[in-house]
Each structure stands twice: as structure tokens, then as C-alpha cells.
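Chain lettering (A, B, C and D) follows the sequence in which the chains are written, and residue indices restart at 1 in each chain.
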Amino acid sequence: MAEQDKKDWQFHLHEIIYESNTKAGKAFDVGLLIAIFTSVIVVMLDSVQSLHGQYGVLFNRLEWIYTIVFTAEYILRLVSIKKPWRYVFSILGLIDLIALIPSYLSIFFAGAQALLVFRALRLLRVFRIFKLGEFLSEINFMTTALKGSVRKISIFLLTVLTLTVILGSIMYLVEKRENGFSNIPESIYWAIVTITTVGYGDISPITPMGKFVASVVMLIGYAIIAVPTGIITHDIAVAARQKKELPESCPNCGREGHDSDALFCKHCGASLLL
Amino acid sequence: MAEQDKKDWQFHLHEIIYESNTKAGKAFDVGLLIAIFTSVIVVMLDSVQSLHGQYGVLFNRLEWIYTIVFTAEYILRLVSIKKPWRYVFSILGLIDLIALIPSYLSIFFAGAQALLVFRALRLLRVFRIFKLGEFLSEINFMTTALKGSVRKISIFLLTVLTLTVILGSIMYLVEKRENGFSNIPESIYWAIVTITTVGYGDISPITPMGKFVASVVMLIGYAIIAVPTGIITHDIAVAARQKKELPESCPNCGREGHDSDALFCKHCGASLLL
Amino acid sequence: MAEQDKKDWQFHLHEIIYESNTKAGKAFDVGLLIAIFTSVIVVMLDSVQSLHGQYGVLFNRLEWIYTIVFTAEYILRLVSIKKPWRYVFSILGLIDLIALIPSYLSIFFAGAQALLVFRALRLLRVFRIFKLGEFLSEINFMTTALKGSVRKISIFLLTVLTLTVILGSIMYLVEKRENGFSNIPESIYWAIVTITTVGYGDISPITPMGKFVASVVMLIGYAIIAVPTGIITHDIAVAARQKKELPESCPNCGREGHDSDALFCKHCGASLLL
Amino acid sequence: MAEQDKKDWQFHLHEIIYESNTKAGKAFDVGLLIAIFTSVIVVMLDSVQSLHGQYGVLFNRLEWIYTIVFTAEYILRLVSIKKPWRYVFSILGLIDLIALIPSYLSIFFAGAQALLVFRALRLLRVFRIFKLGEFLSEINFMTTALKGSVRKISIFLLTVLTLTVILGSIMYLVEKRENGFSNIPESIYWAIVTITTVGYGDISPITPMGKFVASVVMLIGYAIIAVPTGIITHDIAVAARQKKELPESCPNCGREGHDSDALFCKHCGASLLL
């Protein structure tokens, strides 16, 4: 019976922490989101020198409170689930862990102070918000669409990178060291800045020939931006069509994919109107 | 009969102010648009120091004339409608009110001078232009399309913001204070400037490692711009299909999805022209 | 018979100048394109101070040769056509005229020297290249698609302009004169530079609040770029569908718009396979 | 029999070098890719002045090792194929040759040192990666889509170039020499920087009139970016449809356009599985 009690207690905790269809579950999720947001804001403010001087001690204390809260949450997540390892090695579980480590490292290693910045990774936990139901179908829809594009996008990125290496090398030859193109990696950096149309202007061509090459790079960047857009637009359309067709399975043979206005199953000929 | 007269007068005023299918109504709308445009231009010119010195008094007088005109218009709108509160709390009504307030506030509060800038909000009233008939269906079409995208766009924006916080924090770690990345909020600002491909160049990476991280941020920004485009393109296509299909339900069986020029229902064969 | 001769001569000239399906006609078109390109290059080079010093006299002479050539061509176009006024007031005819005027004006008015820059308008004549047949269907296709977008694009541009006026005014309030946002028009210029993701960096926010507002402007610009893209993509698809459907008219009743795999006309029921 | 032996040897070598379905073939491809990547990295590092000072001799030696390796590979490719000229004049063969030449030229000509930069062209050889099977169908799909766009994209680029020449000339007139717009080619460079939304800020308008013209250029650039995107998106959709439809002609009546999962021809009713 103690066993039963423990299970009951575990079940309720699980419902609060992992589900969000009860009132307590929703409150837990909302509270967690607030904790995440405010903790990231504390990290940000602490990096502002003037604020660090004035409120450094307060920020440090808040930071420890957040660390304790998130550690407690992590432990609760472990005990309230049947297969804790599954959670630990899930994507969300790994993010939770990575977001915890920096605070503890900074106690043991003085040099690990820099790692505190990684507390910003806590923000990744914000994606738990999508567990809040309403966004789930949209998320699924978009990840399906993007998965279909991954290969085409990587071909595209490889092509762009090759282009920037070659165009950067040419520019290094054309503009020379004196004009800011100090070496090939620097020139490639310039080519990326230019082809993505970011254009900081920290390095920019000075000779007429350099300006000509730069113009070509810009026009290439302006024209090929269309390629990933076209790919993703197309894959969203494909994903949408598949999503729409899914519920139209034949009542007789169960197969799917009928035109939206078909009257008879094209696989077995049974009426779809039954 | 006086009652009747009042109603008649109210009806005519309503027709002039709220409708635009009579000659007077159209003239009123056009006159209003001119008043809005010129008043915003006066606000702009008044902010130019040299012009303010020379024509400040004139601008001030013009401003008061505009305030009186728009106040009068607002009162007329109130009296010519049966349910004035409905207008007051409609979107267009609220914009009208907000555009009026700054001028009056500046009389009572000396510090409210700054609020004069909000007179530029008058420009929002320009959207009344779309009441001029011809644009209405396009507006409806596009708002329908964009409404369908709101959720997906907000997921996208949240992802981008999370990315900028994390990438900005990493960059703060990599580039340090001395190179312009003075604190995390500043670094996040840099990440937004970079990922949106704006690239002011007021802050830009200096160390090789920083340039490498920046290149990654730029390529991410260059590739993911495709996502909102794909979403909106898809939703415009969906909205267009629905618009085309909606009025075409069969008068016999009620089912939809006929081609726009079909004469007979493809589900039951009944004529669509009845 | 002299009359007949004149007509013959006019007919041949017309064929050479206006058509391009004869050998002479093609040669004329190609020669004209070369003249246009080289004349624009002369205009460009003449604007480079060092080259102007060295070759100014040569450029001036070349310029007069081009002027004579284009004037002769314009006169030939007038005499070889039956209704010269039609040509004069056609779009291509007006461009031809506008490209000629600056050279003549510069003789009579000393101040008109500046107008010489408008000789660059000659480049507009390059679009005659599309008369060269192969591009015609593509041009027609794209202008059809873009015509369908004009209204939606103008609503979009009006919205963007209103946004920039309001965001510019807010930024003027936030950043003040000292930080480069000297007046509202200047701030609007900044807002346009930012929302279009150009980002010169000649004016950029300095205060934290200003950087926050700027970030919002950038994210807006990054997200709404998707709107015109979506519109044009959709209208290209619509134009393509119409183009594809056009040749599928029913052999019996002549009406169009059948599905690509339809066997029978949906208007009159006749077989489409006859 | 020696003849037979030679053929056998040639056949095996061919399999290793040109194919990648054997273990040795895959190892060869992977090894080659690593050699290409590392050799390009050596070229890059050698261009960094401080590294060149320290490791210049090492880089030089590595460079010669790579040259020998790639020369050996080139010779092996020639001897293991039946029609060597076919390989020499294929696109991949020409790239292989161009990537080899600079190293040899630098021995014979002192001035050819600059050509060493062209060793970066070796990176083009990376596209051999796509031979590794899995990407092939995506590559084919995308090149088909882009081929369909070439003409429309070139019309678009010609229009953009004409626009930049004219807008650049106008800006040269408006802003004058003193403000950085030193001559028309420079102004055209500025127009390209602006219309592609790169926006270095090395040249930017200073007069109010110039800022107004610049704003127009930016808005044009912001709006017309949609055009190539629309074109490519559409052509990707068309290519996708053709890819899906092509293999599905009915074995009985030969007509196409069946859904990808249809079992029976919708034109004649014959089974599609025969």
C-alpha cells in the first residue's frame, strides 16, 4: 500500500510537471516560463557593467535562487517519471542539464566564470511553451516542411560557401592587404558579409576593380536568396497538401490520398460517402 | 417633425462622413486625406531646426487649425451616428482619438511637448483611404491570408529571438567588452542587426573567432529569411483558393469546390446556375 | 509610280528598323544596341574626373557622333512609319526622345550641363532587346503577373511608409537630436534604411532604448519582406495557370478552363478529344 | 593476356576512381574530399601574414605534396578511362585541370605568384561530393528548376542593372562629387549596394534630396527582391510537378497525370501496374 501511495504521488507529480491539462499543470508550466525568462534577464543585466557594480550582489543571490529552483525542478522531473534515463537523454532533458551545469562549474573552477554566459541557454527551455497545446500542430507542420528541405538547403549552403571562398580569394588578389582584405579568411568573411546582404562596411572595396567584383557578389547574393525561399515555400506547400489529405482515408480499404472532391475510392472503388 | 428633420440631417451627415458613394461623401474623404497628409508634413517640417526657427510661428498656427478641424470632424462623426460609442471604441475611432490627444495635452502640461511627435499617428488615419471601395477586396484578402500566418510567424519570431539571445551571449564571450560588445543586451542588439541582414556596422566583430561566429549568424539569417516568406506565400495561396471556392457551393447538394466556371455540380450533376 | 517607289522604300526601311526577322533588320537592332551601350559607357567614363581631364575632348566628340547617330535614327523611325505620331507617343518613342533632348539642351543653356547625366536614360532603350523575339513570351508572362500584383503591392508600400513615418517619429523622440536623429524626416530616412534591411550605419541608435526600438523595426522589416514575395509568387502561379489553360478551349463550344485531364467539356459536354 | 591484365587493372582503377559503390571507391572519394578541403585550408592560412612568417616553409612543402597528389590523381583519371579526352573536356575535368595549373605556373613565372590564389578553385572539386549518390536526385531536381528560370532571371537582372545605372546617374547629379559620389561608375556602385540591401555605408547620401532619392532606391530594392523569389518558387513547383508526373504514363493509353498512388488509369481504366 505504501508502494501504491508512492505511485499515486508519482502519478500526480507527473501530471503537474509533464502534462498541462490540469489547473496545477498549467500553473507549473506558466511559473516555469516566468522563472526562465526572469533568470535570463538577470544574466543579461548582470553583464551590464554599471548595473553589475550597483546590484552585483543582488544578481548573484538571485542567480543562486534560480539555480536551486531549476535543480529542484530537474530532480522532480527525474523522480516523477518511470524511465528517468529517457528524460535525461531526450532533447529537452539535455537542454535542461546543459542550462544547469555552468552555475555549478563556476563554484569549482575560477576560470569557469566565463561559462556563466551559457546560462542564456536556459532560454532554449522556452520552447516548452509549445507543449501548451495550441501550437503543437503548427510546430509539427513546420518541422515536417523543414525536414523535407534539409538536404536541398545544405546543397545550397555548400554552394554559397564555395562561392564565398572563391570570390573571397579573388577579392584578396584584387584589393590587396592595404585595403583591409588582409588575408584570405578575412576576404571570405567579407564575401559572406556581402553575399548575405548584411554589409557592415567594416571592410569594403576601395579600388574600381574591387568595386566591380563586389557588385557582382552583391547581385549574386541578391539573386540566389530566392533559392532557399523557393525551396522552403515549395516544401511547405507539399507538407500542407499531405496534411490535408491525411484524414481522407477510404472507409473500406483505409488507404489515403484521394482528391478532395472524389466520390469513390481510387484504390478499391468503394464509395467514400459511406 | 423636428424629430424627423433632425433624423434627416443626421442621415445626410452620416452619408457624407461615413459613406463615399455620393459626390459630397467622396469630396469629404478626399479633403480629409489631404488634411491628414499636410498636417503630418507640417509636423515633420517643424522638427527641422532651421525651419522651426524661421517658420515656427506659422507651423504652430497651422497646427492649431488642424487640431480644430480634426476636433470638429470627430464631433461630427459622433453626432451623425446612432451609436456613438461603437465608433469611439472601433479601431478607426480609437486612432482618431489618439491622434487628437497630444495637441490638447501640450496645452496643459509643459513636458508634454514631446508628445507632439505622436501627431504623426494621424497618418494611421490614412488607412481610411481603403474605404474608397476599390481596395476593399484586396485588403480583406490579405488580412485573411495574414491572419492564417499569425501563429506560425510568432513561433518563427520566438525562435529567432531565442537564437539572437544565445548567439549574442556567445559573441559577448568571444569578442569581449573592448571590441564594442559591452554587455549581453548590446550583443543581442548586434545579433538582431546581423541576423536580419541590416548590418549597420556600428558594432562588428574584430577577432578571427568573432568573425567566424558572425559568419555563422549571417548564414543563418540568410537561410531562415526563407521561412516567413514560405509561410506567407503558402497562406496567400490558401486564402486565394478559399476566396475562389467559397461562393460556389452547389444549390442542390451544398457541396463546394467547383471550378470557377463550372456550370454543373460535379457531385450531384445539378445546375449551378439556379 | 514614284509614289509606289516611295512606299517600297518606306516599307523596306520599316522592315529594317522596326522588324527583326530579316538579316538587315537583325543587324540594325544589334548595331543599335551596341551604340546604346557604348554611348552610356562614354557618359560614365566622362564623369570620372581623371579620365575627363585626359580624354575630355575625345569624349565630347564621341558624344556628338552618338547624338547625330541617334537623331538620324529617330528621323528614320519617323519617316518609315505610316502614323509617326503613334510612334512619338508610344512608350519606346518617348524614351527615345527623352534620351535625345539633354545633348541639345546643353548647347543652348550653359546650366543644362547637369542634364547630360540624363543621357544615361538611353539605357532604357536597351529594352528594345526584348523585341528580339525569344524573350517576348517571358516578358508578357511576367508583366501579366506583376500587373495583377500592382494593387496589393501599393497597399503594402503604403503600410510600410506609414510604419516608417510613425517609427521614425518615435525614434526622433527616443534618440534626440544629438545622436544623429536631427529631425523627423531624417528619422524617417533612418527607418527606411532599417526596415528595408539596407543598414548604412550613417545614423544608428546609441541609447539602450533606441537600440530596443531599432531591434523592433529590424524584426518588422525582416518579417514583412515576406509579404510582397508571397504576393508576387502567388500572382506568378496564377498567371502561369492561366497561360497553361488558354490553349485548352473546347473544340465544340470554344470555352476554356478545363482541368488538364478532362475528357469532356464541362460547359457543353462535347468530347475534348475530337 | 597481358592485354587482358591491363584491361582488368584499368577496370579496377576505374571502379575506384570514378565509381563509389565499392568500399575502395568510397574510400578514394572520401580521401580526395579531405585532401581538397585541407589543401584549401593551407592556401587560406598561408595568406595570413603572421602564419606565413612562422610556417611559410611548412605550407610551401605541404603545397607541393598536394600538387603531386592531385597531379597523380589527374594522371590516374586519364589512364583508367577509355576515352581520356572526354574526361579532359568535361566540366569536372576542366575544373581539375584549372585547379592544377597555378602551382606549376608559379615555378616558371615569378609574377605568377598571385595566381596561387586560384588554388582556391580546388574547392569547386568539392562538388564531386554529390556523386556520393544520395544527393543526386536533389541536384537534378534543382538544376531542372533553375534552368527553367534562367531567362526570366536574366530579364530581371538586366532590368535591375538598367535601374542602377539610371538611379546612380541621378544620384551623381543630386549629391555631387564632394559627398562621395565622385563619378557615375561610383554612383552606380552605390546604387547596387543600396538596391541589393547590402548597405556598406562607405558611400551614403548627405543632402536631404539625396536621402529622398536613396529612400526610393531602397524601397524599390525591398519590393523587387520578391520578383526572382517568385520566379524560382514557381519554377521549383513546376519542376516538382513534372518529376512526379513523368514516370506515370498509362501503359495502355500512354496518357499521363495520374496521382502518384493511383492503381488504375483515370482516362481509360486500364491497370497502371502492368
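Simple rule for what comes next: contacts are C-beta pairs under 8 Å (C-beta built on N, C-alpha and C of every residue); 3 or more make two chains touch, one makes a residue touch a chain.
Please read all numbers here as calculations on a predicted model, not as lab measurements.
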Copies chain A and chain D touch via same or different residues, half shared test: different
Superposition rotation for chain A onto chain B, Cα-based, multiple of 5°: 90
Distance from chain C to chain B - Cα centre to Cα centre, in angstrom: 29
Separation of mean Cα positions, chain D and chain B [Å, integer]: 41
Multi-partner residues of chain C (at least 2 other chains): 185, 188, 197-201, 225, 229, 231, 233, 237
Complex contacts: residues of chain C adjacent to chain A: 197-201, 229, 233
Chain B partner contacts - residues on chain A that touch it in the complex: 40, 43-45, 47-49, 114, 117-118, 120-121, 123-124, 126-127, 129-130, 134-135, 138-139, 141-142, 145-146, 153, 156-157, 160-161, 185-186, 188-189, 192-193, 195-202, 225, 228-229, 231-233, 235-237, 240, 260-261, 263
Residue numbers on chain D that touch chain C, as the complex places them: 151-152, 155, 158, 162, 165-166, 168-170, 172-173, 177, 182-185, 188, 194, 197-201, 204, 208, 211-212, 214-215, 218-219, 221-223, 225-227, 229-231, 233-234, 237-238, 255, 257, 266-267
